[in-house]
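Next up: some structures, all given as structure tokens.
Both complexes shown next keep chain A, but they swap its partner, so chain B is in the first and chain C is in the second.
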Partner chain A sequence: MITDIFHILQDNWILLLIGQYPNGPLGGLAITLLLSVAGLALAFPVSILLALGRISPFAILRAPAAVVIYTVRGVPLVMFIFWVYFFIPLLIGTTISGFTTMLVTVVLYEAAYLAEVIRAGIEGIPHGQTEAARALGMGYGQTMFKIVLPQALYNMLPAMVSQFVSTIKETSLGYVISVNELTFAANQINSTLLTKPFPVFIMLALIYFALCSMLTQLARWLERRINQQRTGKRNITAVVANVAPTAA
Partner chain B sequence: MTTHQIQANQHTQHMISFEQVNKWYGSYHALADVNANVAKGEVVVICGPSGSGKSTLIRTVNRLEQIQKGHIAFDGQDIYAPKLDLNHFRARVGFVFQSFNLFPHLSVLENIVIAPVNVRRSRRSDARIQALELLERVGLVAKADAYPGQLSGGQQQRVAIARALAMDPPAMLFDEPTSALDPEMVGEVLQVMKQLARDGMTMMCVTHEMGFAREVADHIWFMDQGRIVETGTPEDFFLNPQSERAKKFLSDLRSH
Partner chain C sequence: MSIKLDFSVLLREDYPRLIIEGVATMLQLTGYAWLLAMALGILLALLRMTRNRWAERAVAVYVEYHQNVPMLVQILLWYFGVPTLLPDAMQLWFNQRHSEFLFAIIAVGMGMSAYISESLRSGIRAIPAAQMEAARALGLSYLKASRLVILPQALRIALPTLVSHSVLLFKNTSLAMAIGVAELTYATREIESQSFHTIETYLLTTAIYLGISLLIMAAGAALENRYRIKTR
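Now for the complex of A and B:
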């Protein structure tokens, strides 16, 4: 079995890594990473805007944010992919690539979930923090971006990492609209080999696992570093608490 | 009295003045017909039983609480004037909270420079020099790079006072600044406040520290059920209270 995986990797590593590139479109792990990184980078600011909309004192901002969040969270991701896949071209009048479709989907889908995490984080910051900032003459924007959000995002880091990890895994659903990502590449290999589904998909699982745990480790390191800075020493309890696996 | 006359009065001596101030929470009458003035350089201590409206009153001065009726003027400025820039106005009122409310993600020095740099647009280097001078004043220069979580309650409150002073406010408001402190830390905070008073700062202070009131206050306002029931010098108030409510309050204090 292990030798099977090894042989499959040896024969197909280029396909898994970059797809048919440079003779065909870029694919495989490269596309999975590209989708994940671009997805996270875009979903993060969108989620902050959605969260701020959700807690806005103005109904004109609150209502659309709530509609987006509830709609997106109320449908399965696969269905949401089909929506974007079939409706966006109708809306804008031209076809869009599978990659773009998947990117738009991931950004909207993740932003909706992240927004609720961030909203909870903002609401968890004691009101005294806002009052102190306002009493010093800081406006809404300064109070939010310099006082409240930095604390809220730090507190919510574990939950946000869980969401980021799901994003990586969710890019695999690009398979259903033929995005040439990692799962698609693995499936191509499986179709060629025919008799080796088990090693192929174990290998696929291991690659996803490595990617996701790397992100989790990175987040733990970041958390420890911030915590050490704030307490001026290694905080033993926080380090111990971090050893317990976060739900991913 | 018209707004015009109020403003004319301010220019003479008042730093803070309350005119027929009323506030309701729903049907609860939190502040009732408050009329009082704080002169420039004066130290006023507000005392009274809990729920009497002391904190509410002090929080109306920088509009952390809105009032529904009446006028409040700060340094000659009607604080509900339509053209008032609220952030600019608040920056001129020093406010110290019971629970310190330091920003835990910023170092002590950053806590103090954040308002001068972001609100007053001071140069960061200037703000740092000023912050270090303020820390010197409250005896905490050595803690400039520490984080609030590493400080005791008394130290945190002294930093909070320095943070408020960084905006060079003409008046400072203290909302029960020592109530959240362990007894052995009360003294160090009161010491800083006494020094401020000696330096001529206009102060309004809600506190249960009657020793501080006796020593530092120019006037005591005694509040009950949203009203200022009695005002007087510390001597008058402690030795010769007029109202029944104040007499009871003082005898309850002494019985402890």
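Now for the complex of A and C:
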């Protein structure tokens, strides 16, 4: 069994890592990481707007933000993939690649989840900070972007890392629309070998596990560090409940 | 771009039957997987509380694995990989019955049990140790103190995360379509490819998913309200 996994890795590690590149399209783990990094980076500004909308004093901004967030939280990711897959070509008039479809989906989906993380971060900053900033003559924008958000985002760093883990796991669904990412590559290997499904898929699971659990450990370490700084004490064992990665 | 919506399309052919059967399969899958996840989750949380180092470590590995591997990969591993480890007679037995449905339940249930056990554990950990000491000092046995004093409080604390994990479990059942379980997403794709009325089909199923998710969230909020400890 273990020798099987070893042989499969030895024969296919290039395919799993970068796909057919440079003789063909980039694929494998490289695409998984590219999708996750680009997806989360592009989702970030959107999520800040959504979070600000969600805590806005004006109902006209609050309502649409809440609708977006609840829709994303209530509908499976696969459904979003199909919506983007059919709807974007209809909107712009040309077909788009599987990669773009997946990227747009991840941005939409993560923006909503990240917005809730950022909202919690903003609400975690004591209100005295806002009051002090306003008393010093700063406007809403300045207060938000120079005082509240920088502190909130710093405190939210662990939660962002675990959101990154969720994003990596979500990109595995690219398999459903044949995006050339890690799960798809493993499936290709499985269909060429035919007789070794268990070693192939346990290997795939272990690759994801290695990558994601490393990042989860990083999130826990960050959380301990930040908690120490905030409380000014050493050796605080933090409650790690909110850095547990969400299922995807 | 002009789109005319014509929902009557969905009443043609055997589309209504496909949708209803899809919803039924989805609900069955959710129900069984939820029961499995809860049972395993409680068991794992209890094992972790035993203070046995090996039990704790085994549970930690189980939880880490299921939280850090994509649900889709877990489903593929169970459906394509695990049967090949079984004796031929059992493989045949699985192939003759709807093994994809069974393996989807196992994969989703086991995957989500990791999350359930973690939220139960953090609920129990949030109860001060003095509660247990006080209950024991009043003459309650360990089990009675757990059942009457610790668990009722811990469950209240864990309830919000348990509800959001239940919604996640429900959403994750849609991944079973990747191994050919004829649940709602699968049925949607069937209807879409036969009727070419993409938007109507997807609007209907999206509304069904959203409706059920919101229902679970609302039920959770009602439960929280019902069992809130009254404070002044």
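Quick note on the criterion: the second predicted complex is superposed on the first by the 213 of 248 C-alpha atoms of A that agree within 3 Å, B and C clash if a C-alpha of one lies under 4 Å from a C-alpha of the other, contacts with A are read in each partner's own complex, and residues count from 1 in each chain.
We adopt the following convention: a residue touches a chain if its C-beta (ideal position, glycine included) is under 8 Å from a C-beta of that chain, and two chains touch if they have at least 3 such contacts.
These numbers come from a predicted model, not from an experiment.
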item: First (chain B), second (chain C), both or neither touched by A:Gly128; value: first
item: Touched partner set for A:Pro25, first chain B, second chain C, both or neither; value: neither
item: Which of chain B and chain C A:Met138 touches, first, second, both or neither; value: first
item: Touching partner for A:Phe201 - first (chain B), second (chain C), both, neither; value: second
item: First (chain B), second (chain C), both or neither touched by A:Pro158; value: neither
item: Contacts of A:Leu77 with chain B and chain C, given as first, second, both or neither; value: second
item: Dominant toucher of chain A (residue count), chain B or chain C; value: C
item: Which of chain B and chain C A:Leu90 touches, first, second, both or neither; value: second
item: Residues on chain B engaged by chain A in the complex (per definition of touch); value: 62, 64, 87-93, 95, 97, 99, 101-105, 114-115, 118-120, 146-147, 149-150, 163-164, 167
item: In the complex, chain A residues that touch chain C; value: 70-71, 73-79, 82-83, 86-87, 90-91, 165, 168-170, 172-173, 175-176, 183, 187, 190, 197-202, 204-205, 208-209, 212-213, 216, 239, 241, 244-248
item: Complex interface listing, chain C residues touching chain A; value: 1, 3, 64-65, 67-74, 76-77, 80-82, 84-85, 111-112, 115, 118-119, 122, 125-126, 161, 165, 167-169, 171-172, 174-175, 177-178, 185, 188-189, 198-199, 202, 205-206, 209-210, 213-214, 217
item: Residues on chain A engaged by chain B in the complex (per definition of touch); value: 126, 128-129, 131-139, 142, 146-147, 150-151, 154, 229-232
